[in-house]
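Shared chain: chain A. Partners: chain B in the first complex, chain C in the second.
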Partner chain A sequence: MNEHFHVLVIGAGPAGISAAVRAAESGGHVGLLDDNPAAGGQIWRKGASLPKTARMWLARLNAASVERLHGWHVFGSPTSGVLFAERTGLASPAAEQADFIELNYDKLILATGARERFLPFPGWTLPNVMGAGGLDAMVRGGLRIKGKRIVVAGTGPLLLAVAAHLAHRGTQILAICEQAPLSRLRPFAMRLLTQPGKVAQGIGLRIATRGTHFYTGCWPVAATGRGRLESVTLQRRGKQWELPCDYLACGYHLVPNLELPRLLGCGIHEGFVTTDKWQQTSIPGVLCAGEPTGIGGVELAIVEGQIAGLAATGRVEKADDLIQKRTRGQRFVRALREAFELDPRLRALPSAETLVCRCEDVPFGVLRDYTSARDAKLHTRCGMGACQGRICGAATEFVFGWAMDSMRPPILPASLSTLAATGVGGAHDPSNTTSNQNRRDTL
Partner chain B sequence: MHEHAHKSDTPAITLTVNGAAVSVAPGTTVAAAILISGSPTRISVTGKPRAPLCGMGICFECRASINGFAHRRSCQILCESGMDVRTL
Partner chain C sequence: MSDEWDVVIAGAGIVGSACAKECAARGLRTAIVEPGEIGGGATAAGMGHIVVMSDSPGQLALTSYSQRLWQELSDSLPHSVEYERCGTIWVASDDDEMEEVHRKRALYASVGIATEVLDSCALAEAEPHLRKPLAGGLLVPSDAVLYPPCAAQYLVEEALRSGARLYARRKLKSAGAGIVRLDDGTELRASHIVNAAGADATGLLPQLPIRERKGHLVITDRYPGFVHHQLVELGYSKSAHSITTDSVAFNIQPRKTGQILIGSSRQYNAGGTAVDYQMVSAMIERARYFMPGIGALSSIRIWTGFRAATPDNLPLIGPWPEDKTLFLAAGHEGLGITTSLGTAQLLADHLVGNPTRIPIEPYLPERFVRNATHA
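Right, the complex of A and B next:
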């Protein structure tokens, strides 16, 4: 199957939805692709009451003329202006449905969002140790947790939101452990006062989690249990104590999903995609909006998405108000980064036996002898498993200071039949040749 | 232990995980159904049980065989009646 779009948007979270809605106003053929079964991204996930902003944008999307491709993921780009996507869900056995599609575009908007950063510590691979957003997503996806005892830990504003939601679902939140010290969080709270919408959010969360221990400068140093989590050891000010629990929801803020921007060759500075005033990346015709340009939350993502949607359809004159809102949102990006900067002591969490690469089971003790992600990958298979370094890459970047290795197609696992049919990842794949070229350049 | 879907007024979906029947509410992901069944989602390359970490299609800990389609990210797929889920 082969389709052409005037504007193709990758990622159906707040940035992607707002980009697609504004682009569709132009009357052109707009596509919106996402690997999840429904629109909303991670933050507007179904399974709980959605905020008014979310309902409004989802309604606008439903009313807009946008071709929706849910349950598909992009795995390669054979040439400029073309992407290949494979089905994430299952093909219907009744129909002769294609497993992959070729997507042609005039303009591409990357709204690939962010994922949680995970840091390895003893026991983090045990079942029921999940991300903070991870457990929240699983619960919204039907996991039953009523009456369960939960420790929420890590860093970032997500911890409070997750704790509030899980408490609302009838769980017992034993503790919320924020690694940042209180001294760093106070100025953050002051900055929030200039952002009324966010203050209201914060107050609501505090009420919902009343009665829960909220520790700052505190983090889990170990998780133990036979076959699944039974207990977490927490540390604060040199003191350690053990807390029996059913789930540990632990995530260290967010890192952007950069696999596709990197595959396409978009310029990246200090871990984020660089964009100009109109969300245009360094690659002509490729725009980027939301978390990949800087972790700034829903409101900024919606503003950037709209600017990208308008710019991609040549209507920048409608974006004046949005540009001012974006400037305010970018102050929030800096405030977040400063408040939730990781404590360097978290680098010492893994023991020699702690697995760092969960796909290939590569322990910390083996990895610490290497000097780069590439070196470690070639000798230990770290980052070569199914997730392709999506989890361990952010960990080794923080723990060892290793830069992410180069991105090669397919950027997500694809079936052999799809690879054979598309040629992605093979000797004749031009994007692969580019990656090889880059690799030679960096060696 | 067999658990019933928590909302009795919504029709439950019944599927099998490693041959055992599991009933879940509509909108439940296959990953959640696997955990409800009591099974890990996969066994790691050194033989350890694993369950979902990220819940959003990034970590691949939840991959399972669904209706014969191997290595599917079960957290990205919703349960359907009669689904045959096999953990790896």
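Right, the complex of A and C next:
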């Protein structure tokens, strides 16, 4: 299968949806691809009572002339202007025929979103130790959790939102542990005053979690239990104490999904894709919007997505008021970054035996001797597993200060029959060595 | 700053690492210079197949010698090297190729390598996922696989234990006439300078007859037991050693992790490191032709690398005729992992003036200099 788009948007979260909607106004052929079965991304998930903004944008998307490719993931790019994608969930031995599509585009908008950052500490791989957003998503997906005792820990505004939602589902939130000290959070709260909408959000969350201990400058140093989590050891101001619980929801803010931007060679500075006034990356024809350009939340993502959608279709004159909104949003990005900057002491949490790379079972003690991500990867397999370093990469970046190793396709696993289908036509006959030899001349 | 060495080795790929271990073990004052990671070049890109090959007498002699050296070393190798004597099966599609199986068996026997001829049924039993029927195959039980970057690391560590010194993350600016200059201003004086820089060997000696030959590999997720032996189509030599054209061949390997490594492709003048999906597709189609069920497996990574190829597909081992301090251990094409240990023995024996265990003549670099004068 082979399709051509004037504008192709990768990622159907707030940034991707708004980019696709605005691009479609131009009348060109616009495509929106996402690996999930429905639009909304990580933040506007089904099962959640969606905010008004979300309902509005999803309605605009439904009304727009956008070709939707849900349940597909991009795995490679053979050359500029072309992406390869595979239908998700088929890369299993049961699949007879993998579904493959070649996507051609004039303009590409990357809206690949973000994921939680996990930091290794003793016991973090125990069952029922989860990401904060991860546990939240599982509950929305049907995990029964009523009456369970939960500790929410890590850093970032997501912690309060998750705690509020889990409390609403009838769980007992024992503690919320924010690693950032109160002194950092105060200026953050002040800045929020310039963003009334966000303050209301914050206050609402505090009310919903009333009665819960909210500790700042506090983090889990160990999780223990036989077979699964039974208690977590917290540390604050040099003091440690143990708290029995059923779940630990622990995430250290967000890191952008940079696999595709990196595969395409987009310029990246301090962990984020660099873009110009019109969301254009360093690669001509490739734009980027939302969290990959800086963690700034839904509102900024929608603004950037719109600018990208307009710019990709040559209608920058319509983006003037959006540019101003984006400037305000970017102040929020900086405020977030400063407020939730990771405490350097978190680097010292793992013990020698603590696994850092869960795919390949590589412990912290083994990694200490290496000097770069590539060196460690070559000699210990750290980051070589099926997740391609999605989990351990952000951890080793913080703990050891290692820059990510180069990105290799497929950026998500793809079946071998899909890879076979990437050859033009696939019409050659591999059973005949002679014709095979002749064909090679033209490769 | 200046240091005196008996041997300075440029490159800590598998070949340079093996040379360092051997030189240091023989009491030579040995230094290794490596600009990147140990075993991070073609060594990291390769399959890690320890294989006896018989395309030429020189190749048969060096690969069989080296395969035995790996066997002797295998008990000392740390777990991380993942050495496993899984054996190779050369797969024959038809009766013509079965005749080749018997010819190959006789050649291997001539150098003392035991093999076993498999008929159609025995082959199907040994590898149930192969297409049926196939004519049969030749099992070489003493062939093995290993994980090359950790093998190189082990060899370097052994060299260091014997007193060698590693100049890590240092680039050679120049090497010749007994002097090696590094990018940080360090000057090393050496009786022997060994160029073991693989495809980069021409950086120090542009006139070397070494060309880059690009290859692709694909690795799958974990499927323990799907494949038991390294499987290579018997037509491999035909395609692998065709000098002028791009080629693919069925060549797959079970890893200790349960993963399956799928090769192989060969291309000259292929440009950069980017994955060429035409080659990947052709490679996997070829694998599917021999093993139809493989298409359903999930791939997790594709990468490319560059083999250092010479015009006669034999490595360059020994003195460089134009500078009596300069030696070569490069140009191993796709057999660097296998022949690293044999190369190191030949080179070290030659340096200390011992007789070599196999004749060194087929690999001496002077063969190309001589040709050049006649041309």
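Methods note: the second predicted complex is superposed on the first by the 412 of 443 C-alpha atoms of A that agree within 3 Å, B and C clash if a C-alpha of one lies under 4 Å from a C-alpha of the other, contacts with A are read in each partner's own complex, and residues count from 1 in each chain.
Note that a residue touches a chain if its C-beta (ideal position, glycine included) is under 8 Å from a C-beta of that chain, and two chains touch if they have at least 3 such contacts.
What you are looking at is a predicted structure, and each value in this text was computed from that prediction instead of being measured.
When the two complexes are overlaid on their common chain A, residue A:Thr293 makes contact with neither chain B nor chain C. Contacts of A:Gly385 after superposition on the shared chain: both chain B and chain C are touched. By the document's definition of touching, of the two partners only chain B reaches A:Arg144; chain C does not.
In the superposition on chain A, A:Asp375 contacts chain C only, with no contact to chain B. Within the superposed three-chain model, A:Thr313 lies out of touch with both chain B and chain C [touch as defined at top]. Of the two partner chains, chain B is the only one touched by A:Asp35; chain C is not. In the superposed pair of complexes, A:Glu116 makes contact with chain B only, with no contact to chain C. In the superposed model, A:Pro413 makes contact with both chain B and chain C. Residues 91, 93, 385-386, 413 of chain A contact both chain B in one complex and chain C in the other. Those residues of chain A lying in contact with chain B across their complex are 35-37, 42, 46-47, 71, 73, 88-91, 93, 115-116, 118, 125, 127-131, 133-138, 141-144, 146, 227-228, 257, 358-361, 385-387, 390-391, 413. By the touch criterion given at the top, residues 76, 78, 84, 91-96, 98, 372, 374-375, 378-380, 384-386, 388, 408-410, 413-417, 419-424, 426, 428, 430-431, 433, 436-437, 439-441, 443 of chain A touch chain C in their complex. Interface residues of chain B, counted against chain A in their complex, comprise 3, 6, 24-25, 27-29, 31-33, 35-36, 40, 44-46, 48-61, 63, 66-67, 69, 71-73, 75-79. Across the complex, chain A is touched by residues 37-40, 44, 80, 149-150, 153, 218, 220-221, 223, 235, 238-239, 242, 245-248, 262, 267, 275-282, 284-289, 293-303 of chain C.
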